[in-house]
Amino acid sequence: MHTLQTPPATPSINDLLQMYRALWRIRVFEGQVQRLAAAGEVPGFPHLSTGQEAVAVGVCAHLSPQDTLFTSHRGHGHVLAKGADIEATFAEILGRETGVCRGRGGSMHLVDAAHGVLGATGVVGGNLPLAAGAAWAAQARGEKHISVVFFGDGATGAGVFHETVNLAVLWKLPVLFVCENNGYAEFTSREEHSNVKHVSAFAAPYDLTAQTIDGNDVLAVYAAAGAAIAQLRRGDGPYLLECMTYRMAGHFVGDAQHYRSKEELAAVREKDPIERLKRHLLAQGVAQSELDSLGEQAKEEVQAAVERARVAPHPDPRTVGEYVYSAPSLAHVP
Amino acid sequence: MHTLQTPPATPSINDLLQMYRALWRIRVFEGQVQRLAAAGEVPGFPHLSTGQEAVAVGVCAHLSPQDTLFTSHRGHGHVLAKGADIEATFAEILGRETGVCRGRGGSMHLVDAAHGVLGATGVVGGNLPLAAGAAWAAQARGEKHISVVFFGDGATGAGVFHETVNLAVLWKLPVLFVCENNGYAEFTSREEHSNVKHVSAFAAPYDLTAQTIDGNDVLAVYAAAGAAIAQLRRGDGPYLLECMTYRMAGHFVGDAQHYRSKEELAAVREKDPIERLKRHLLAQGVAQSELDSLGEQAKEEVQAAVERARVAPHPDPRTVGEYVYSAPSLAHVP
Amino acid sequence: MSQTFIEILRRALDEELARDASVHLLGEDVAAGGAFGVTRGLAQKHGEQRVRNTPISEAAITGVATGAALCGLRPVLEIMFIDFATLALDCLVNQSAKYRYMSGGQLAVPMVVRTQAGAAGGAAAQHSQSLEAWFIHVPGLVVVAPSSPVEAYGLLKSAIRLGDPVLFIEHKRLYTMREDMPENPELPPIGKARIAREGKDVTLIAYSAMVNIALEAADELARAGISAEVLDLRTLLPLDMRTIAASVAKTHRVVIAHEAVQNGGVGAEIAARIGSELFDELDAPVTRVACPFVPIPFAPELERALLPGRDDIVRAARGLVHGQGH
Amino acid sequence: MSQTFIEILRRALDEELARDASVHLLGEDVAAGGAFGVTRGLAQKHGEQRVRNTPISEAAITGVATGAALCGLRPVLEIMFIDFATLALDCLVNQSAKYRYMSGGQLAVPMVVRTQAGAAGGAAAQHSQSLEAWFIHVPGLVVVAPSSPVEAYGLLKSAIRLGDPVLFIEHKRLYTMREDMPENPELPPIGKARIAREGKDVTLIAYSAMVNIALEAADELARAGISAEVLDLRTLLPLDMRTIAASVAKTHRVVIAHEAVQNGGVGAEIAARIGSELFDELDAPVTRVACPFVPIPFAPELERALLPGRDDIVRAARGLVHGQGH
């Protein structure tokens, strides 16, 4: 496992306040998904990123709209942190015509091309080579932007993770592999999935630069991601960033979580990334009131967007057959 | 990469003479395949193991018929070293009714269940999880025998290699992974396939015991395999043995080998495992004449078997539909 | 007292684990009960060695199950969604299905791959597919798709005991369906269809969750004075043409209904065989009711608009009986 | 002067690489010319950045091609044998095919997957399959299967320029087929079948290498006074029913021939559609000539016994014309 070459970037207080608000945005957003899912307003089975927000925020703080992002089944936070419109994202999760994918994709297949969100996959590991491919396209065109892919620790059980890492290293692709190691794959703990405790350990054989950090510390994520992305932009090849984190919610909305003890869940709350940034900012002399109002602003911003999404129109059933092919002539298949 | 726990087994002179003959058996066998393939007598596109015989012989010297073996597209040598009948094996490669698979399988799909040869695959990497499964069956039944799988360095590009290693370690399966690293995958060198020079390097993250050895030195293979198999029989989990070797022939019979220089091919001949064992035995005081006669015996033994195989009956076309299902009632599909 | 599809499947697995020591379960989270709870409690009862959790490695676990089957275990592998069977196809198609043949009869692969398929409630494009048609195109495989809890109970047991690689497809909408277990349920033979309802005017051929929809359609048709016979194929490979022929000889009209997209679906093979083998029996063209050629959308109203339903079958059957549609 | 299928394919790739900077080739050994020599010399001419070798990682390279296509490259991926496409299906089916739909039209996957299929000379069970039927069952994909070098030239160019994920299937037996390149060859549109030979008594529908066998059968039938029309489908998805209908309206008899196993094959879909859409046009049942339901054996005499040939088509056509067979 390598350590950082370049000194960690240090965010200004203002940057941190932005991130604080961004963390709250995701937290509130996921809370609304949970609430409405419980109320039966959300189709499918959404997976929440509650507790893992610092990874999304700390990494995406370094990205431009041209940088491409791929995420997984647990991608709401990444998409928001990348700049996708809150209302359009929520509308997609509700399956509305105003959703980013016009209600065709849903929670597990969020795409917002205008903001560089090129996709999410419901098949674990399936997003990894796509991100490498986007990086290849940038490399082939001599463009300077990079590709980022977020995935869970369970995805390292999938062969395509290893295939993709091998190819990315071989081709020196500007792709950042961000693993959110939350210690579980569905109901099964990491120990039962693999003898390999840290995902970053997979990097060594390839001479892939990698680091394991505390993914609940947004400052640590910001610093590590900054250094990693700097390396990528220099054209020095891929980077694997493992962020140790915790999922405060169930695997999906409705998961009874029999596999986790009360104590464990309590301990998880201790590590809440929002609380930790708050403590840091208070120590830096930021007023409690300012932080509270930032939280409030995020809450209002999201809730307003959610309410607009809830009253947005549903897709027209007559349009169900659109977007299958490039040309109508190809689409005439019964 | 770990080193051996147990002292290397030391073969007796007699063991070595057996191995010398076994090496010649494979060498002559492959020579006959090449000769008859060139003459158009061999269907398909056989892949020869010429130059890699020491791996097959050194490993299989430790195996009983109950131990299961899986090999790849380059498996003639492994199958013979495991004890399969020479004539039935050659007959299979000729597609005859007397072949081990009654001519249904061919060079890339050799099976000889009676000798524990449970299969070969034409799909690179496909044999690895099958071998792990055979090991699981032994473990589940509390049997002491082990499972061995031979594969090439190119197979480490396939995701299923990594999936299988992870599972084998997790389940502590008695499976020996034997990689024949001959530096090429078809026409492309290892360097172009992976940034990982040594396949054994993949073991470290899993805490899988692994070793890289000179695969053209049958003594080294015998010793390393002996120690590895001892560990397996103790129930201490899987082992990865990387054998550095060279393919003296083309990727398949007919390969023009534009991708290798005359010098490289000459250097390869320098490393001939048969020559090396011969030098060792002469140094041990074995008479040249004895070695020559062993070579001669192998040659005659194989050539006689080949000639019998060549005149063996072809499969009856009317039986083409047999062996698809367990019961005729299931097989009535037009 | 009635039980759900999931509970009855669990009972079948429990009994097979108890009956035969060579039966082993494996799959992602199966020791924790599985994503849908089918295997709940089985690891505790039969041991974690018999009911094993696996990593997210569809390719490897299918290979491991196949290798174990070659050595005489009878693995029952759970692939959580048939959409993920795409990751297991090399092994299933190139190895499991062909092993008996390629080895000239030396080896067999007595294995069952349980998987879950179909669309419901916004599972969206990658968790809703019906891909059974791929598997009926592969010599050496057997494909079973039960239509009810009790059917699933017997068919799963028959599949586990068969001796060939079986793809066992469970429709997610059936998981909550309830039925009473009969005293001593018979085990339906693999390869035999079932007449779910007798009729004389038109034959409705269906399988999996579509059987119940076909039965509803038959009720509706009865009200319109049309007597529909409903066939539950149960096994898609091999196909029970004898039962189909007997029904067509009686009704001379056929509607084939499945949830999979029509193009290249199982219905195509059935229609083609009826068209060639029973040409002179047909009074009207064989009609297929299936999903239009579109991925499954997320939004419920789009999903609903796409999926074939009772009314589509009724309309097709009426068309045939009243001579419309051709 | 005539050229082989391989040489003409190479020319098409060479010209597309020169025409459009977004076209890139990737696959195992493609920079070294590829396993069959199709890409020989292209890396030297267009650079290793445009013609890239890959590791043996079918899943990842299909994903990499798809991701690059999402960003506007036009990757042409070589999957050495269609048997190995089993390793790429998650990406092809769950991602490449559905991307345009799942994104609500925001993104597209302009990608061609070239692959090689079919049985010849003892390639055996894992290197001989014809699996095109799986792909016509997947909304979002396009499937092309050329029957000759010149056809392949135009169809490959049309496929590269299309803007959808295209599976381009090359039959190994066609690789050595020679043809003269016309002066300025037209590019056949995707989705349009071709009348390979005009006739009036019976329609022979085929694609890929089976077209040439159907043409031989037509010669043989002509000697027996039967005028056979031969259709070369060229595109299997979408199917050109208009051309098929026009021919059937003329001949009223149909034989569908392909090398893939019959059960669940492309012929099933074609037969089913003719049976329902052209029911009243048919004077005889649609007959399929295909491979029996058996894996491809290694031994040449077994392989030969299994593969459908000219005589099978002739027999089927005679049966229809002389009213046998039903």
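The first chain written gets the first letter, and so on, giving A, B, C and D; residue counts start at 1 in each chain.
Assume a residue touches a chain if its C-beta (ideal position, glycine included) is under 8 Å from a C-beta of that chain, and two chains touch if they have at least 3 such contacts.
Computed from a predicted structure; not experimentally measured.
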Chain at maximum distance from subunit B, centres defined as averaged CA atoms: A
Which of B-C and B-D has more C-beta pairs touching across its chains: B-C
Where subunit A and subunit D are represented by their mean Cα positions, the distance between them in whole Å: 40
Inter-chain centre distance, subunit B versus subunit D - centres from mean C-alpha coordinates, in Å: 36
Separation of mean Cα positions, subunit B and subunit A [Å, integer]: 45
Where subunit C touches two or more other chains at once, by residue number: 55, 57, 59-60, 83-84, 86-87, 90, 94, 101-102, 124-126, 139-140, 237, 239, 263, 293-295, 297
Two or more partner chains touched - positions in subunit B: 101, 103-105, 109, 121-123, 157-160, 163, 166, 170, 192-194, 324, 331, 333-334
Touch list for subunit C against partner subunit D, complex: 59, 83-84, 86-87, 89-90, 93-94, 97-98, 101-102, 124-126, 131, 133-134, 136-137, 139-140, 237, 239, 260-261, 263-269, 271-272, 275-277, 279-280, 284-288, 293-295, 297, 326
Parts of subunit C lying in touch with subunit B, wherever the complex brings them together: 24, 49, 52, 54-55, 57, 59-73, 75, 90-91, 94-95, 99-108, 139-140, 142, 162-164, 190-191, 237-239, 273
Interfacial residue positions of subunit B with respect to subunit D in the complex: 43-45, 92, 95-96, 101, 103-109, 121-125, 154-155, 157-159, 185-188, 192-194, 259, 314-315, 317-321, 324, 331, 333-334
List of subunit A residues in touch with subunit B within their complex: 157-163, 166, 169-170, 192-196, 201-202, 204-208
Subunit D residues within the subunit B interface of the complex: 28-29, 31-33, 35, 53, 55-60, 83-84, 86-87, 121-127, 262-263, 292-295, 297-302, 304-306
